[in-house]
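In the two complexes that follow, subunit A is the common piece, with subunit B as its partner first and subunit C second.
Let's turn to the complex of A and B:
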């Protein structure tokens, strides 16, 4: 079990900064997921942790050991690659044992470790097959097995499931979670898939353009996004964003700026909102937090629907403002209908003009 | 009707050229090898007499032996050594393109030029002897080309030198097709660079090695220019290869029938090698 700490870790390629200075503590035994859009630097960060990519500035520690300049092969970490990186000329068993054979482990030790990995990942039926004769999911299990037999201090996963189809992906997610529960090894996992991030992580770090936008538990990030990027990145369908301003007139109101006359007007709870009259801001609300009501001044004209069985996503407009909402399936609603909706004040998130969260006025919150 | 003929219509120009310049001469050679054609008199039909004569001719066996010796020594060297050269120039080092071009230079240089250059290198008072003497490795100059026990090997060295860059490029293409992540995986498994080369690179290059073995063995059987320029087949026919034997009989002795018979034998040997190598390549490709 190894803790990782990054101190002002930075990556430059030429004059361009790929990773801006990052400070990050990863607890021993933690499962941390780096998530972000492609090109955000998440894989680069992982490769720096592995020692496959030199660090331009700053330091990386494994526990108290400074590994910044240590060669990858000395670090005792194992990595599972997106492309699996299995040796195509070796069969499954040879792939699993290759590293151990090359580093002078005893026969019994190799048999024991490989046997254990084979059992854990249920690879027994494919031992004599070559990677070319395996499916994507089987290849990925072998790749994980190969990491397993190394008994590494840290497991690194670089988008391991992105080449698999949806079914396999969810099955492999469960396997990886089970593996972490059994081994308790520190795991760092890179993905662009928010579902993987939400389901696997103890903590998620959301990266964007070489910076960590937010770091926290999946729940925390989902419920308290620290900025608009984090709010938008997590959740399907995407969170609704409305730009506008706060108005004090017969109570505290939010007026969406697109439609000052007849557009969206939302009643705010002064206990939950710090903003005063005239303040510009962006509010956000998750699609599932919008309620369908019998009657309301806010009417969403449905333009498109996605029926997902238990839930349905409705995409529509109020005036010019697009809105998404997710609700239990209601059979009678069709495209073109107008839905009366209620936007509950207690579910709103507030962001300032630079996209940072404006915390709720907690001092005024009633004691739970 | 037309659609069925169309593909053949497209093939016909190429078929016509190959037919005229490859298959027709092959057929002609087969016929000539059954006669005593000498370019002047009307050829007489001899049946298999030329072949009988060939198999009783010690010069033919000497030439065939030299060709096979060439094959046995040059092909393994040219199949293995360029791998290491390719591994070297596959590194991302500043100016590596210069070295790649440098190693490829002998390939694009005319064999006549390289032949003359090496002849000068091998001279009794040539560069090689000068270097060896300066280093006090030898006291008296060695007659590289005049010594019957050395001359064939001296010419082989030239073939290796000229071929190295060509096969290096083939291996370089092979190396660049190996995903980088395999080496990264190996690196994280604490596998040394040498072991990575031996157990990952070389096995992954197997189809390329098979290809190089095919090309270089066919090339080895057809060695001519180096011999012609550097030794002229001497000393004492020690560097006379099968193609050189054919050349001598055809264009010096004008014994076309006899030369054609030797040519047919050469064709058979090359053909067998090609089939052998084709099977070998197919096997490695199927494995993928």
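Let's turn to the complex of A and C:
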């Protein structure tokens, strides 16, 4: 069990900054997920934690130990790669035991550790097979097993499930979560898949262009995105964003800027919004927070539907403004229909012009 | 392909619909004719050599046009080779030099190639280019400096003198470097994180994965060393340490140019090369192709 601490960690390649200075504390035993679009620097950050990539500036600590300049092979971490990185000329058993044999562990110790990993990951039937004779899922289990036998201080995962099909990915997700629960080891996991991030993480760090946009629990990030990037990155379908301004006219209103006369107009709750008349802002609402009602001034013209069984995603427009909506399936709705919708003020997120969250006016919140 | 050609051969009359098939057949005929001519060009001298070795003393080996089939085939020329010169000693010398040169070449080339392919250090590319550029220098240019160095090191008239120039070649380093580059970097990183050092990674991960290239390099080196005439001629005076090419050449002088004997000696000396080639053929061909593609 090891805590990790990043202090002003920065990565430059030539003059270009790949990672802007990052301060991050990862608790001992925590499962943290770095998520972000490709090229955001999440893998580079992981590789710096592993020692595979030199740090340009700043320091990395494992507990109190400064490992910034320590060679990867001395850090006692284990890494699982997207490509599995199994040794093709060795069978499963040799792949599992290879690292231990090379670092001079006793035979009994190797047998014990390999046996335990084989049991945990149910690899018993494939021990004599070479990686070329295994399916993707089996390969990834062997790769995880190889990390497991090292009994590392920290597990590092670099997009380990990206090469698997959807079914296997979901099965392996459960397996990794179970592993973390059993071992309690600190795990750092890199992915671009928000579902993996949401389901596995104790905490998520959303990265964008070499910066951490937000760190928090999955719930926190989903419910209180700190900026538009975080809001848009999490959630399927994507969160709805509407730019416009706040007006005080017979109550507090949000007027979407596309069509100020006939477009979207939402009544705001002055207790939840600290914006005053004339302030420009962007509001966001999750597709599932929009309600279907019997009648309303807001009518969404359905242009496309995705039926997912229990839920259906509706994509349409109010005037020029595109909106996404997710609701329980209603058989009678078809493309071309107009849906009366209600956008509840208490579910809105407010962002300023630079895309940062404007917190709700908590001082005015009614007492619970 | 084969099926197609059979079908087109079986067509009994020329109809318009058969035209593409006939054209294809003719094109293949053309291709095979060219290939067969080239093959004949290459195998011709060898057949002539074999035929000369099998001809008895009464036959004229210089007649024109040459007669490939001996009138009275005989193996006596081969037996005479063993009487004329210490053939087995030459054979042993060649085998020893080839075995050691090949082993050294594989070891040192793959050792030199690994850092050039994988490690980060200043001047790596410049070093590699410098190394590669030495491949452009013909041996004739190096002969004298190489001889001077060998003599200064006391390597003349020794097996070591025959082995050292082949112990590490720019071509070998280049071939091995290209092979190492094809191995995914993550395999190495994975081993590194598991606690292995670079020596262990080189030996346990990289080398087993480039076995085909090692085999290719082994064959190339073996053929080069086994057939090398000029360098042994320069460095060797002592007959007891002659390799086969020198020994066979000596046959030419021993009995006032008995070409039957020379031919028999030459045939005997290429047998090991043929054996090596047969056993490593697939590596040899894939290696030659690889080289052709990568330039």
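Here are some notes:
By definition in this document, the second predicted complex is superposed on the first by the 368 of 368 C-alpha atoms of A that agree within 3 Å, B and C clash if a C-alpha of one lies under 4 Å from a C-alpha of the other, contacts with A are read in each partner's own complex, and residues count from 1 in each chain.
Here is the rule we use: a contact is a pair of C-beta atoms (placed from the backbone, for glycine too) under 8 Å apart; a residue touches a chain by one contact, two chains touch by 3 or more.
On a predicted model such as this, the values are computed, not experimentally measured, just so you know.
With the two structures aligned on subunit A, subunit B clashes with subunit C. In the superposed pair of complexes, A:79 makes contact with subunit B and with subunit C alike. Once the two complexes are overlaid on the shared chain, A:61 sits clear of subunit B and of subunit C alike. Legend: residue contacts after superposition of the two complexes on their common chain; A:315 is shown touching neither subunit B nor subunit C. Judged by the touch definition given at the top, the superposed model places A:52 against both subunit B and subunit C. By the document's definition of touching, both partners, subunit B and subunit C, reach A:150. Within the superposed three-chain model, A:132 lies in touch with subunit B and out of touch with subunit C [touch as defined at top]. Of the two partner chains, neither subunit B nor subunit C is touched by A:253. Comparing the two interfaces of subunit A, the one with subunit B and the one with subunit C have residues 50-52, 72-75, 77-79, 81, 83, 85, 87-89, 98-99, 102-103, 146, 150 in common. Across the complex, subunit C meets subunit A through its residues 184, 186-187, 189-197, 200, 204-205, 208-209. By the touch criterion stated above, subunit A contacts subunit C in their complex at residues 50-52, 72-75, 77-79, 81, 83, 85, 87-89, 98-99, 102-103, 146, 150.
The residues of subunit B lying in touch with subunit A in their complex are 179, 181-182, 184-192, 195, 199-200, 203-204, 206, 287-288. Residues 50-52, 71-79, 81, 83, 85, 87-89, 98-99, 102-103, 130, 132, 146, 150 of subunit A touch subunit B in their complex.
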